[in-house]
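In this document, chain identifiers A, B, C and D correspond to the written order of the chains, with residue numbering beginning at 1 in each.
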Amino acid sequence: KPALVYGTGGKFDKSFNEAAFGGAEQFKKETGVEYRDFEPTSDTQGEQAIRNFASRGFNPVVAVSFAWTSAMEKVAAEFPDTKFVIVDSVVDLPNVRSVVYKEEEGSYLVGLLAGMASQTGKVGFVGGMDIPLIRKFGCGYVQGVKAAKADATVFQNMVGTTGAAWNDPVRAGELTKNQIDQGADVVYAAAGASGLGVLQTAADNGKLGIGVDSNQNHLHPGKVLTSMVKRVDLAVYNAFKDTQDDKFTAGVEALGVKEDGVTYAVDENNKALITPEMSEAVEKAKADIIAGTVKVHDYMSDNSCPK
Amino acid sequence: MTTASVPLPNWISYGLIPLINLLLAFFFSGLVVWWIGESPWEALKFLIQGSLGRGDAIGFTLFYATSFIFTGLSVAVAFHAGLFNIGSEGQAYVGGLGAALAALALDHYVPWYVTMPFAVAGAAIFGAAWAFIPAWLQAKRGSHIVITTIMFNFIGAALMVYLLVNVLIVPGKMAPETRTFLEGGQLPKLDWLMALFGLKLGPAPFNVSFLIALVMCYLVWLLIWRTKLGYEMRTLGISPSAAIYAGVPYVRTVIIAMLISGALAGMMALNAVNGAAARLQVEFVAGAGFVGIAVSLMGRSHPVGIILAAILFGILYQGGADLSFEMPTITRDMIVVIQGLVILFAGALEHMLRPAIVRVYQQIARA
Amino acid sequence: MEFFDILVSILGSALRLSIPLLFTALAGLFSERAGVFDIGLEGKMLAAAFASACAAYVTGSAWLGLLAGIGVSIVFSLVHGFASITNRGNQIVSGVALNFVAMGLTVVLGQAWFGQGGRTPQVPGDGRFSPIILPGADAVRDVPIIGPLYANVISGHNILAYMAFLAVPIAWWVLFRTRFGLRLRAVGENPGAVDTAGISVTWMRYRAVIVAGFLCGFSGTYLAIAQSAAFINNMSAGKGYIALAALIFAKWKPVPVMFACLLFGFLDAVANFMQGKSVPGIGEVPVQIFQALPYILTIVLLAGFIGVAHAPKAGGVPYVKER
Amino acid sequence: MSLDPSAVPAIELVGIDKSFGPVHANKNINLNIAKGTIHGIIGENGAGKSTLMSILYGFYQADQGEIRISGKPILIRDSQAAIAAGIGMVHQHFMLVENFTVLENVMLGVEGGQFLGRSADKARAELERLEKEYGLEVDPDGIIEELPVGAQQRVEILKALYRGADILILDEPTGVLTPAEADHLFNVLRVLREQGKTIILITHKLREIMAITDSVSVMRRGEMVATRKTAETTVEELAELMVGRHVLLHVEKGEARPGPVLLSVRNLTVKDARGVTMVDNVSFDVRAGEIVGIAGVAGNGQSELLEAIAGIRKPFSGEIIMDGQPVAGLDAARRRDLGLAHIPEDRHHMGLVLKFEEYENSILGYHRDPKYGRGAFLDLNAIRKDAEDKIAKYDIRPPNARLRTANFSGGNQQKIVVAREIERDPKLLIVGQPTRGVDVGAIEFIHRRIIETRDAGKAVLLVSVELDEIRSLSDRILVMFAGRIVGEKTGETEEQTLGLMMAGIAA
């Protein structure tokens, strides 16, 4: 019986967790196998939830969000025969699969679009909690923007430095407003639930937002340029599936553009916003990345971003 | 006639009335559960099973209880001196720094029992330090300690986050937390104690700081009811004017009471940091400081009462986790509701039932 | 972007951030002027935010949201009244208790109803109070100085924001120019005098806390469906306490209360703006400093460097005739 | 002025009964007061006078009994009802909003309209009219806390008149007044009587009863023990009725053998919180083996003087020398170490912690004494033993050291304090209102202890508003008026002479 532990954002956060939920649902639809899930509302609950599932014989136990890293380290060691999957972080244990994404690549693509869509040549980035992972988003985004407009400016802000930062749309909105006041006309939100505040503010001020994790274009049709889709659903789906057909492999799995782990979203909500030359350019960039002719720098490789 | 000044026997004032208040709090909590469409009885069942059903469950329960004993004592000591210390949360948080620094400094070189006294001292000193400024402001400037301690909770949080994110974090790690302490920096679990009762502790982080907590209960009892300082604190707490008459030094007493209160709050970190997580994490206090208020009110600021109340809340916290796991519609925040209701009924509404009970009592007394 | 634009931007942000403080502080003003201390402002704000978000989401009407927010907030006030007025309980303890109830209940219900980790779903357009562009805002936008000030600072807020500032003179007038205000202030100074004047102390105080609830309803609603578009766990984030501090800082006077709230709002805005930027001379200042600034300032102010603030004499003391 | 018995009385109280928890403050009280008369009520502290009046004014609710106003039974549920029935009251402790203006205080509750603006002007006019008519000058815009007590009392009276009271209750109005103010007050009362208003006057001062009332009732321990036409009674009779037996308050005591000076006060000035001078450049000595009494109308600075000597209140200037050592800088505890004992005026708020058990109060202020425990700890056994000894020696009832202090009666509470302070056998004993709210038996007991203390060669400083107490105990009497010591007399001095001095008239 597979089990899924969400991040603190909650199951229907229209973003990260909802994507994970989607993957699990798809698995259920295809295989008809039931699964259990749990939504911790505070950091302290994660460890107990993971342990509870493990001790009740659930397998695999999938935990999305880096917040459960240390919890996973502990519990996975306690239950060596159970298969664990952690998303967005690396836990180096024989029974743990760590799924990480090349967010820099996806961010590069949306950055490229942002750069082209911006009239002012100024764009913004609002991150959630100030951690390397989010800086990685920002770094890829900046590279994309510069690729489109070498002289463009990118304002970068972080909502906060604790878990609360994922849950503070008000502050996120204020930061967005600041960036808009400074001239930004496209703002990329990589801030979980706080991102909703970013998109809201952008829409309220007639500017464009960029969604993250799952396709958020529909939140404000015509006001969301695109979304950097992170296929968390894939990670969950694969985890469940592989364990079922016991093809489970431990170790690090890095999903990038090539593996279709990250991409940008186009649907009827934002078709009008993406001009032919934009889609042409972004598709080319995509091809180049896959071909390896374009190399997007990964912030976490050296904790720094090329200026 | 008014019943306010009719004396009641202790078993009613300190036993029956708090019990009834507690039951009221639970009754209303039950209503909430019922309101969101779950069965209160089912919920209660899960709550009890999840907190007392298995060895590790009991372990977790006592683990939480340990934290609450510390914070409960913290609130109680201040309360006896007439001070309402809402700052235990922040004092515990900052105390964690002291405990962690001791562990980080020593764990490479010495076994845990050598580190422990330093960790205790560190936690106590940092906690007390965080209580000092509010205490001083209350004593010297008369700035309301309730507001100042609340403010210090926020300031403490900002300070700790800054340190964890920019100073103590392990480079390259995502989560803002210190490195994991080695054995030498940790407080060992109490498996043997559980074993005595034929229980398996399992993964539960029930650890030595529980014993430290019990020692503190005894010391606090001594302080309040057996020492001259305690006598002065109680005098000040009950009747400030009598304290002046008796020559109780206001400034000194207030500050000392708050320092002790802060130190006790700080020691809560021993349980969470050195005992359980073996590292200093952001927001590790997780509300234990506030639970202390409820615990102290329920326990009538007496160590024995506090131990009982702390265990009760331990049951709530551990059982609540299991409950929310079994009944996903009930999140663990249900505990916060119960906690609030307990404070409301055992604290703010403590006199609500007294007149009625006095009448009943007088009926029986006459008959 | 040169200094003036920055200023305009910060001022606008400061204004937005000070609104919830203003409503809440005014709420505290009425309650405490009547001798009922209210640490529970925080909780009332939170409960109101949740109620308004739910109502607005379900009905799609911002005004019904406001109504719900006010209603729930008043219910909390009444509980506080029941504990501290009728049962003469400790007012601070009661306030603390209600804060916990609000903090927990909102998440429990939110999770049970919407399954979004305690948040409510996004409230669609009409469910929100959206910015109002004051007449001529766009016209004067390009006029130097006043143009941007009018267009970006004065104009472009939602109706609640303007209500907040309207509430200040009204509060003043009610407190100092009406019978209700006279009695309210009297009951906070010497309930005995009010009682012997043949006025019910209890009823007076209840009315005061109800007004407080009413105003907290606005601040909560503003948080949830004006400033943002949904309820978020613990979204009041200590604003209730800051408002309380502003109230003390302003020595329980309406107009100073407004300035105190604007000051705290300004600090918050600066904190947001400064983050990531480096202060000349000092270099990059950690955000935490700015985040802690309002609290630190509060301490400094409370330390009496503003001169002793005289709380209403009967504040915090239940009215007990017979021992 | 009509004292015609056939006329319907203005006020009839029938079987009024009231308890505060254990305190039976009013026991089945019956009282008739004729219209257009001034009726006095006297009684010890704690006798139940204020309670009875507060019931008539609807401030408290009687547990039983009926109130009739000019014949009609009425239910006085709250002060509103009382005011409606034409009753006005000036409370023992003023009921004024201190940071309001006089006008605001007068208007409170009868604002005449939702909005203050215009109605305030009307009120001002009316107020000024009343001030003229009765000669009760106060500045309508003065802030209460800045007014002298006398003026504040005028405001209270104006409040009542403004509400159109026909029945005016004054609870110990002269306690806080200078004689001049008191005389003025009485003139006002006479004017009111001429106008047919009915007045009830509570006081401890028999002189005043004789001077102004038409009839008088006496209360003792919650009961109404007698009512007399003033013309047909005497001070002696009233005094006897008050305390329940023939009073010879003169305790027999031997000659004083004054020794060396143990307390000397030099140019002491004390100001209260508002900066008003309460003790004004006072100097005097107290010698070993003598009792020095300080007489004076309440509120003339005796309390402040006492507290300054005890180290509870900071002097503004001047010296206090105890046994040759200046102590102005020391706190209460240090002064105790030097051999000071202090029986405070207010046992409920200073002398005792009512929530403590008896034995805990038996060490209040001396808890740091090594005899009650070494080092940081208290030796409970020693303390309880010690407490039980005192209980036996002072016949404190019930004899139970573990009983909550609040559950002792006032007299016994007072004995607890007296025992604690006197058993220290101090060098210097300062005593404030030792027998306030204490029954006669206890009074004599306490008086004897105080004299024994003197005879044991201690210095005793006694402050009391009860002249008889002062006269019967003191070897020397200092009379205090308006913060000054206006003269010194011996214990044998005539009551009248002292009275005049206390009034600030003769020296």
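We take it that a residue touches a chain if its C-beta (ideal position, glycine included) is under 8 Å from a C-beta of that chain, and two chains touch if they have at least 3 such contacts.
Here the structure is a predicted model, which means the values were calculated and not measured.
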item	value
Chain located farthest away, centre of chain D as origin (C-alpha)	A
CA centroid of chain B to CA centroid of chain C, Å	30
Chain B and chain D: spacing of chain centres that average the CA atoms, whole Å	46
Computed distance of Cα centres, chain B from chain A, in Å	38
Chain D residues counted as touching two or more neighbouring chains	20-21
Shared interface positions of chain C, touching two or more other chains	107, 111, 118, 288, 291, 322-323
Residue numbers of chain A (touch at least two other chains)	39, 41, 161
Contact pairs between chains, per stated definition	A-B, A-C, B-C, B-D, C-D
Complex contacts: residues of chain C adjacent to chain B	39, 79, 82-84, 87-94, 96-105, 107-109, 111-113, 118, 238, 241, 244-245, 248, 286, 288-289, 291-292, 295-296, 298-299, 302-304, 308, 320, 322-323
Chain C to chain D touching residues, read off their complex	177-180, 182-183, 185-186, 189-190, 192-200, 313, 321-323
Chain B partner contacts - residues on chain D that touch it in the complex	18-23, 63, 310-312, 331-336, 342, 344, 346, 349-356, 360, 363-365, 367-368, 373, 376-378, 380, 404, 406-407
Residue ranges of chain A touching chain C (in the complex, touch as defined)	6, 8-14, 17, 39, 41, 156-158, 160-161, 164, 167-171, 173-175, 177-178, 181-183, 193, 196-197, 200, 204, 219
Contact set on chain B toward chain A in their complex	60, 157, 161-162, 165, 171-172, 174-177, 203, 277, 279, 281-283, 286, 321-322, 324-325, 328, 331-333
